[in-house]
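There are structures below to look over.
Below are two complexes that have chain A in common, paired first with chain B and then with chain C.
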Partner chain A sequence: MRTINLSRILEYFLKSLPNLRVTLTYVFFSLILGFALGGLIAKGRMSRNKAISALAQGYVTLVRSTPSIILLFLVFYGLSAVTTGAFNIFLNSLPTVVFVIITFTINIGASSSEIIRSAYNSVSKGQLEAALSVGMTQLQAFNHVLLPQMFRNSIPNIGNTIIFLIKEGALAYVIGLRDVLGQAYFLSALDMNAYALDMCVALTLIYWPITAGLEKLFSVLEKKLEYKHVVVLEQKT
Partner chain B sequence: MLSVSNVHKAFGDNEVLKGVSFSVEKGDVVAILGSSGSGKTTLLRCLEFFEKADQGTIKIGETQADLHTASRQKIHELRQKTSFVFQNYNLFNNKNAIENVELGLTKGHGVSKVRAKEIARRSLEEVGLADRFDYYPSELSGGQQQRVAIARALAVEPEVIFFDEPTSALDPELVGEVLETISKLAKKGVTMVIVTHEMAFARDVATKAIYMDKGVIVEQGEAKELFTHPKEERTRQFLSRFLEGYDYVI
Partner chain C sequence: MNVDWKFVIEAFPQVLAYLPVTIELTVVAMTISLIIGTIFAYINFKKVKVASQIIRTYMSLIRGTPIVLQIFVIFHFGPYLLTEMFQKLNIQADVYSIKPIYYAFLALSLSTTVSIAEAVRAGLESIDKGQFESGLSVGMTEGQVLFNVVFPQAFTTAWPVLGNILVGLIKSSSLAFMLSVVEITGYARILGGGVLRYFESYICVFFIYIVVIKITELIMKKLEETKLVYRRRQC
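Showing the complex of A and B:
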C-alpha cells in the first residue's frame, strides 16, 4: 500500500506554487473581459429589440449548456482550424493561456450577464429618474448612482465567479496549460504518476487557502461598502 | 413662466390625459387636486419626460418643446430648469444626505465641488437637517428622506419644482414636517407645482388650484376661490367631503 510522504508533498507544493502566476493571469483577464462581454449581453437581453434580445438569450443558453472542458477543446482546436482554413492564419504559436482566456471570457460572458442583469434590477429605477430630474445625463446617472450600487449588490457573485475561475480553469491542463495544476500534473508524470496522491494533497493545500482567503476578502468588502455613516468622535480637548 | 398646453396621454386603450393645459407664473404654488386615477401624477411625469406624452407642448421661460417629439438634448435642457420630488423620495442609496444634494449640482449643473458643498449645506439646513449631513438614506426616517429630497430639488435652483404626492408614502406623524418644509419654500417664493391629497395644506399654501377628473381639468383658479366658491358641480362634490369636515371615527 502506498503512503503519503510529507517531504514529497512539500516538494510538489513548492514546485507548483510559482505557476500560480499563470492561474492569476487567466483569472484576471477572463474576469475583466468576461464581465465586459457580460455587460454587452445583459444590455442585449434587456433590449427592446426582440431580435437582439433573443440573440443574447440564445448565447447565454448555448454557452451555459456547454461543459467548460468541451468549450476549451472547441476553442483550442476549433479556433485554430477556422483561422487556418478561412484566413490561412496559424494560431499555433500563441501561448496556451490565450486560448484559456478566450474560453473563459466566453463562459463568464454568459454567466456574468445574468449577474449584471439581476444587479441592475436590484437598484430601484426611481433613483435614475431622480438623477435625471436634477439635470444629470443618462450616462452620469448610470455611473454615479446605478453602477456603484450594482457593484455593491453583486460582490458575492463576483467573488463566486473568481473562485469558480480558479478551480474550473485548472481543467485547462488538458490543452497543456501549465498553471498550478498543470505544473503539478507535469511533475507527477515525470515520476510516472507514482506519487499522484501526494500531488493531489499538495494541490489541495494550495487551493484551499486561496479560496478561503477570497471568501473572507469578499465578505469583508461587502461589509465595508455598506452605506452607513461613519461616526466621527469628537476630539477630546 | 411655465405653460403647458393640450397634453394627451394614453396607456393602451386607457386615455389618461385628454388635453390638459395650464400655466404657472413665477412664485406661484399650484396645487393639483383630484381623486386617484384622475391623471394628476401622469401629467406631472409627462412634464418631466418620465412618460412620453402622445401630444402636447411645454414652455419654460424661453425654452419650448413638444412633449412627444422632443430631442434628448431638449429634454436634458428642460430638466435642468426643473426638479422633481417623488412620492417615495428616490434618494441615491449609495450617497449620504449631503452627497445626495451635491451630485445634482456638480454633475447635473457643473457647479464646482467646493461651491456645491456650500450650497448643499445651506439647502439641508433650510429643510432642518443640519445634523444629518453624513447619514445615508437607510438611516433616515421617511420624513427626513423626503426633506433631503426637497433639499436636493431646491439646491439646483430650478425655475419650478414638481412635487408628486410628497406625503402619500409617509407615516401620518411625519407628514407635518414635510408640509411645513414646503410651506416655508412657498413663503420664500419658490415656484412649485404640487400634486397632493392634503386638502387643508393645498387651501392654505397654494396660490392656485387645479381640480382634475378623468383626464381633464374641471376647474382651475385662485386657490381660495376654488375652495370657497367652486363653480363646477363636480368640484363641489369632490370638495364637499373635505369642506364639511367629515371625520372618520371607528
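Showing the complex of A and C:
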C-alpha cells in the first residue's frame, strides 16, 4: 500500500512555491497586453468600416475555437520557424516564458474584446453625449466618464480571466516552462514519478487556495464598488 | 527552417482520420457529465444537508485546480486505485489492459460535470416555485413534475451555456494526449515528432478544430431556434 508522506508533500510544496513568480509574471503580462489587444479588436469590431469589422470578428472566431494547447504549440514551434525563414532571426535563445506570454496575449485578446464590448454597451450612450456636450473632447469623455464605469462593470470578468490564466497557464509545462506545476513535475520526474501523488497533493494545496481566494476577493470587490455606485445614484435623484 | 506547406497537405488526411476518437471522447464525456451534473444540480438546488456540502466542496476543488493537475492525478493514481479495488473485491482482471481512453473519459467529465451542474442549477432557479406546487397539487408525482414540467424549461434556459460548455469540452479533449490517447492532437504530436515538423502537423489540427467547432456552434444555434419556437408556442 502506497501511503502519502506529509514531509514529502511539504518538500514539494516549499520547492515549487518560489516558482509562483513565473506564474505571476505571465499572468501579469498576458493580462495587460491581452487587454490592450482586446481593446483594439473591440474598437475594430465596432468600426463602421466593414472590412476592419469583419477582420476583427474573424480573429475572435478563429482564436476562440482553438484549444490553448494548440495555440501554444503553434506559437512555440511556428514563430521561430516563420522568423527564421522570413527574416533570418533566430528566436531559440528567447526564454520560454515569452512564448507563453505571446500565446495568452493572443488568447486573452479575443476573449477580452468581448468583455470590453459588453462593458462599453453597458454604459448608456446618453452619458457620452452629455460629456461631449459640456465641451469634453472624445478622449476626455472616454477617460473620465466611460472608462471608470466600464472598469467597474467588467470586474467579475477580469477576475475570471485572471483565474483562467493561472489555471490554463499550467499547460505550459509541455513546452518546458518551470512555473509552479512545471517545477513540481520536474522534481517529481527526478524521483522517477514514484511520489507523484504527493506532488499532486502539494500542487492542489498551492492552486486551490489561490484561485478560491481570488474568486472571493473579486466578489467582495464587485459588491464594494457596486454599493458606491448605488449611493451616487441616490444622491443625484 | 521554412514552413513546408506540402507536408501540411500530406498530413491533413492522416490527422483527420483520428477525428472519430475526438468525437467519441466529446460525446461520451458530455453524456456522463450531463447525467451526473444534473443530479448534482438538483441536490444543490434542494439543499440536501450533507450531500450538497460535499458536492459544493468538490465543485470548488475542481474549479480551483488546473485541468492538467486533474489529469496528473488520474494518470498516476487511477490504475493504482483500481488495482487495490480489484484485490479487495477478488476480481481477476489486469488493470493495465484497460484502454487509456477510459481514463480520458473520466478526466474530461470531472471538470465538465462542474460547469454543467452550475448551468443547470441556474436554469432550475429561473423557474417559479409555484410550478412545483401546482404540479404536485394536480396529482403528479415528484418525478413526473421534474421530467415533464421543470427540466424542459430549465434546459431551455441553460441551453446557450450548455453549448459553450460543449465547445469547451471539444477544446479540452485535446488534452487527452497526456493520457496517451491518440486523438487528433496526439496523432499530430506523433506525426510531427517523427520528422521534426511539429508546426506543420499542428496547423492541420488547428484547421480541424476550427471547422468542427463552427459546425457544433451552428447545430446548437439551429436547435436553440427550434427550442425557442417550442417555448413560444407553450406560452
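Brief remarks follow.
Note that in this section the second predicted complex is superposed on the first by the 226 of 237 C-alpha atoms of A that agree within 3 Å, B and C clash if a C-alpha of one lies under 4 Å from a C-alpha of the other, contacts with A are read in each partner's own complex, and residues count from 1 in each chain.
In this section, contacts are C-beta pairs under 8 Å (C-beta built on N, C-alpha and C of every residue); 3 or more make two chains touch, one makes a residue touch a chain.
Here the structure is a predicted model, which is why all the values come from computation and not from measurement.
Once chain A of one complex is fitted onto chain A of the other, the partner contacts of A:67 are limited to chain C, with no touch recorded for chain B. Within the superposed three-chain model, A:89 lies out of touch with both chain B and chain C [touch as defined at top]. Chain A is touched at more residues by one of its partners, and among chain B and chain C that partner is C.
Once the two complexes are laid over each other on the shared chain, residue contacts for A:134 go to chain B alone; chain C is not touched.
Legend: residue contacts after superposition of the two complexes on their common chain; A:189 is shown touching neither chain B nor chain C. Shared-chain residue A:217: touches no atom of chain B or chain C.
Of the two partner chains, chain C is the only one touched by A:77; chain B is not.
Overlap of the chain B and chain C interfaces on chain A comprises no residues. Remark: chain C residues 1-3, 60-61, 63-69, 72-73, 76-77, 80, 84, 167, 171-172, 174-175, 178, 185, 192, 198-199, 202-203, 205-206, 209-210, 213-214 touch chain A in the complex. The touching residues of chain B, counted against chain A in their complex, run 48, 50, 76, 79-80, 82-84, 86, 88, 90-96, 103-105, 107-109, 134-139, 149, 152-153, 156. On the chain A side of its complex with chain B, the touching residues are 123-124, 126-127, 129-137, 140, 144-145, 148-149, 152, 227-230.
Here chain A touches chain C in the complex through residues 1-2, 61-62, 65-70, 73-74, 77-78, 80-82, 84-85, 166-168, 170-171, 173-174, 181, 185, 193, 196-197, 199-200, 203-204, 207-212, going by the rule given at the top.
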